[in-house]
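First chain written, first letter: the chains are A, B and C, and each begins at residue 1.
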Amino acid sequence: MLTSDQNVLLTQTGPETPMGRLFRRYWFPALLAEELPEADCPPVRVQLLGEKLIAFRDTSGRLGLLDEFCAHRTASLYFGRNEENGLRCAYHGWKYDVEGNLTDMPSEPEDSKFRCRIKQKSYPLVERGGVLWAYMGPADKMPELPELEWALLGDGQRFISKRLQETNYLQAMEGGIDSSHVSFAHRFNLDDDPMHSGTAGNEYIKADTRPKFEVAESDGGLLIGARRNANEEEFYWRITQWIMPFYTIIPPFGTHNPMGGHAWVPIDDTTCWAWSWNYHPTRDLREDELQQMRNGDGIHAKYIPGTYRTLANKDNDYLMDRQAQKQKKTFSGIEGIAAQDFSLQESMGEIADRTKERLGTSDAAIILARRRLLAALDSMEDDVLPGLDTADQRVRSTSVLLPKDVPFHEGAQQAIQVVPGTDFVSI
Amino acid sequence: MLTSDQNVLLTQTGPETPMGRLFRRYWFPALLAEELPEADCPPVRVQLLGEKLIAFRDTSGRLGLLDEFCAHRTASLYFGRNEENGLRCAYHGWKYDVEGNLTDMPSEPEDSKFRCRIKQKSYPLVERGGVLWAYMGPADKMPELPELEWALLGDGQRFISKRLQETNYLQAMEGGIDSSHVSFAHRFNLDDDPMHSGTAGNEYIKADTRPKFEVAESDGGLLIGARRNANEEEFYWRITQWIMPFYTIIPPFGTHNPMGGHAWVPIDDTTCWAWSWNYHPTRDLREDELQQMRNGDGIHAKYIPGTYRTLANKDNDYLMDRQAQKQKKTFSGIEGIAAQDFSLQESMGEIADRTKERLGTSDAAIILARRRLLAALDSMEDDVLPGLDTADQRVRSTSVLLPKDVPFHEGAQQAIQVVPGTDFVSI
Amino acid sequence: MLTSDQNVLLTQTGPETPMGRLFRRYWFPALLAEELPEADCPPVRVQLLGEKLIAFRDTSGRLGLLDEFCAHRTASLYFGRNEENGLRCAYHGWKYDVEGNLTDMPSEPEDSKFRCRIKQKSYPLVERGGVLWAYMGPADKMPELPELEWALLGDGQRFISKRLQETNYLQAMEGGIDSSHVSFAHRFNLDDDPMHSGTAGNEYIKADTRPKFEVAESDGGLLIGARRNANEEEFYWRITQWIMPFYTIIPPFGTHNPMGGHAWVPIDDTTCWAWSWNYHPTRDLREDELQQMRNGDGIHAKYIPGTYRTLANKDNDYLMDRQAQKQKKTFSGIEGIAAQDFSLQESMGEIADRTKERLGTSDAAIILARRRLLAALDSMEDDVLPGLDTADQRVRSTSVLLPKDVPFHEGAQQAIQVVPGTDFVSI
């Protein structure tokens, strides 16, 4: 439960807002690399943290992320020509390079000096791990490039998708660190998921339906432990990572299955990009795994062709099937893990009214994540915020058996560090 | 003509508004009984007086009307599971009974007392006369169940429909007590309607096209008399009842035809449910009558299949046919009595601007109904408001011949009382 | 670049706004004559300068332009019956003549005097040149009827179209006086246009790609000269007229081709009617020319059938073809001269944010037009505003060769006057 002011503070991320300034201190996913597949391909409109931008890849392959609207008369550069190392506005031919420098101004006299006084707002955009990352903060505060584990793996070792979610980022992200909903929203579908089946973990989960939650601060965010009874001496722990400002990593079932994770990137205050990835640290994903991911299984989704909007969406009540709900094929009547989540999150309204909620012990992770985000606002001038250091990002989630008297964040210390070239420690 | 302040006062019915508090003192139609046809059927979203609610029928057949959004994290209970005498939220499994008690909280430890501190907002919902009635006011002010005549008749004696109207309730209700528009909006269609044809009344109506209107206060609202010349000694009176807060009863043509009536229930301030019913006090409706009603004739409407939105609506200009208008098949080019009304009412805008209207003597009923609603705001703390006493509801409309010197509300006194088991007095 | 206040001042044209009051001093196009083709035809809804109106042609052929909403209960007169020299509201039968007088009030007693106190707001509407012109200003300030050249020609000598543009009028009009965008937005399509091909002008335009712009005040607005090198002694000038408050005339290529022009009429503050006309002063348009215009070539557009909304519009990204853009078939990927313009103008947003623009020397006409509009606000009480006198309207645009030392507005003085019965002076 938040005050109305706190809810505003946490959910608004435009350029002039406190949380907007905090988020601008981090690199974050802006586009799939495949959206700008080659030199001089069509520019792409993208809105991030409330700013309308245009992304393009120039003749030399360099990436640009500019204010969408031409400095001259504010026409959209979406209609521009991407040619000869610059994006040329279709209205009067002003041409910008990837840094927003005005390299040609053919509507003015050749000897005009006016050109030199114009600079289009631009942000760094870099490709890493199949994703184009943006940094929209002050130049002198720019951190190192992101080192989330999957971003440094070979192309074959990961699969990445993004989808439009029609809510504020916060209630989407809260879903990503909310271990307790799995037993309900997804209850009848855990065994459907090939990434979940056939592991010892499933047996513990079925046997103990009321896990205890413990949350510990990590350098970059939170470690969220869900504890279940395993045997006389041990607990079964599933440990989820939350990394500032909006990354989540889901523990795998067994070492042979890929890990999953998300980023929840604000488009504006009422929509966000839900990024989802699966990856494996020591092997390429198999064709059958890739096929399932492309098909929208697991944490991915089915799309309206040619878009990043999901086939099941609020305009069609998420293709709700009351018969399937009644027959316990799905818990909520909605098919698909992702749609089961975002249907409920969108049902809260575009921005959940957190003055009305009633949080319990199972919501500890959500409570603490909010607290940490709010706390970070006070230390915004620091050079090192949680999650900025790449060490904070080189972490894993895990599921492990630990002796009952061992605190989970100590017992799992090894398993939750990325050691390149080693497999996950998970059961 | 109202002041801007008066218009706001009359048209806003949310929880914190004066008119909203007044309306919450009454039972009113929330759903058709057929929308919750059986135990454990799918829950239904319904918005009433600006509040988003969820209605369900539990395993034992009990009816519940709850705040739509779960007390825990504000997800919609629409996605909930209706099972084992409660509605279980699909997000974290919290389960509510029909009174909003939290009967299961599986996401928290078994010994948690937290559950006992939670109560989902809930309202009484009862079935009567094929309709589910809601009461959204203070528990200690709850009146007796409604006794409008049709609500106590056998199932075969009535037909009920509801449709979405895309305006504030007030301009819809004003249409229901506006006898004078019948001669215009419906002029070319009175003879089409089987419920109107073949009675002496029609002859008087055709012969005297400028009725005089008289309005008298009744205990529950207003008696609206439209007077036409009949013969040397008598006037022909058509008497319409308005019962607080938003019920109207239309006089029948002849004793053998069913009576009609409406309720105009605010969904929010810019839409309302237009409820329409036909009924006969002493016999079942005939199959040919029911067929016409199902077909959208008379006061009913044709629907977009699977919805309560009408086929003719503002997005398609109500299927306006200028040819039919020119040929005097319809007065406004719109087909259907109901659509002829709501097309014009919706054309006034979502909330009619009553500061711009110019009312005449034929608008007396509208003027007085507004006045009575405003006056009721001042006596809101009273235990007996007009229309609350079931005696106020046990009334009929009628059409009668009366000697010229007899005031209509005295002359019709017998005819406008409900006497169970007796037929209408009407010509 | 404007201040935020100036931008508001220039773009808002509702009844109570300064620019709204200025525009109401002029006659302007309201409807195509074909929209009210005959006596007693269906009335037509039209919104102008933020006011919702209804236009009709009565039994005697007279034109009326009334407030859309009936004075009685504010129902739309769109549903009214156009019959026996008046428009009768479909709700209660009130009937208005073309001047807004209430000629029948059948819902009130025959001897009622109430009728005489009611007057529906009405504006003069006159037919001239295939267009219905409205005047929405004070009666005592009404100017003479418009005498733009095409408006006085025979029916066969002109072609007129209108389309919905989903922006404020100002950025649309600025496009009409912006000679410099032609070299970019339309670059690859100048030769496609049969009205442009085969003239000496095209050769000068191709040879000199950086014209110099000079702007001079005319009595009615602005003369905008674009100067290109022609030969040792002469410049090639293309001279565009802007006439207050929102008319533009485009110079023809050669004397044998029709002239073009536009009016940019506010519907409300976020949409406008873009009127386009072609005409020839001494001959009928040829069938092949008319065919091209009907087909949406030149300055006209293709429509969604039965509407004035263009087929290429913002909902379909203007049917953008990236392949055609890459292959230099179109500069922006959009097909059609008109769509090339309005796609860019709409991309600026509904009301362009002129606090963010950076104007250069090629934007001189835009800068001066704004200045002249703002200046006119200060002299609004004058009886003669620029463009009001019909002499201000009897002007032409032209393209001519002039000796290098002759100022363009002096050298072209003859060519830019309308002399009825004479051909354009243009090369």
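Observations on the model:
Following the convention adopted for this analysis, a contact is a pair of C-beta atoms (placed from the backbone, for glycine too) under 8 Å apart; a residue touches a chain by one contact, two chains touch by 3 or more.
The structure presented is a predicted model; accordingly, all values stated were derived computationally and were not measured.
Rotation angle for the C-alpha superposition of chain B on chain C: 120 degrees, rounded in steps of 5. Interface chain A/chain C: under half of the residue numbers present appear on both copies, so the contact uses mostly different residues. With centres set at the average Cα position, the gap from chain A to chain C is 49 Å. Annotation for chain B: no residues touch two or more other chains. Remark: chain B residues 174, 180-181, 183-185, 209-210, 212, 320, 322, 325, 331-334, 340, 343-345, 347-349, 352-354, 356-363 touch chain C in the complex. Interface of chain C with chain B (complex): residues 42, 69, 71-76, 78-81, 89-93, 105-110, 112, 114, 117-118.
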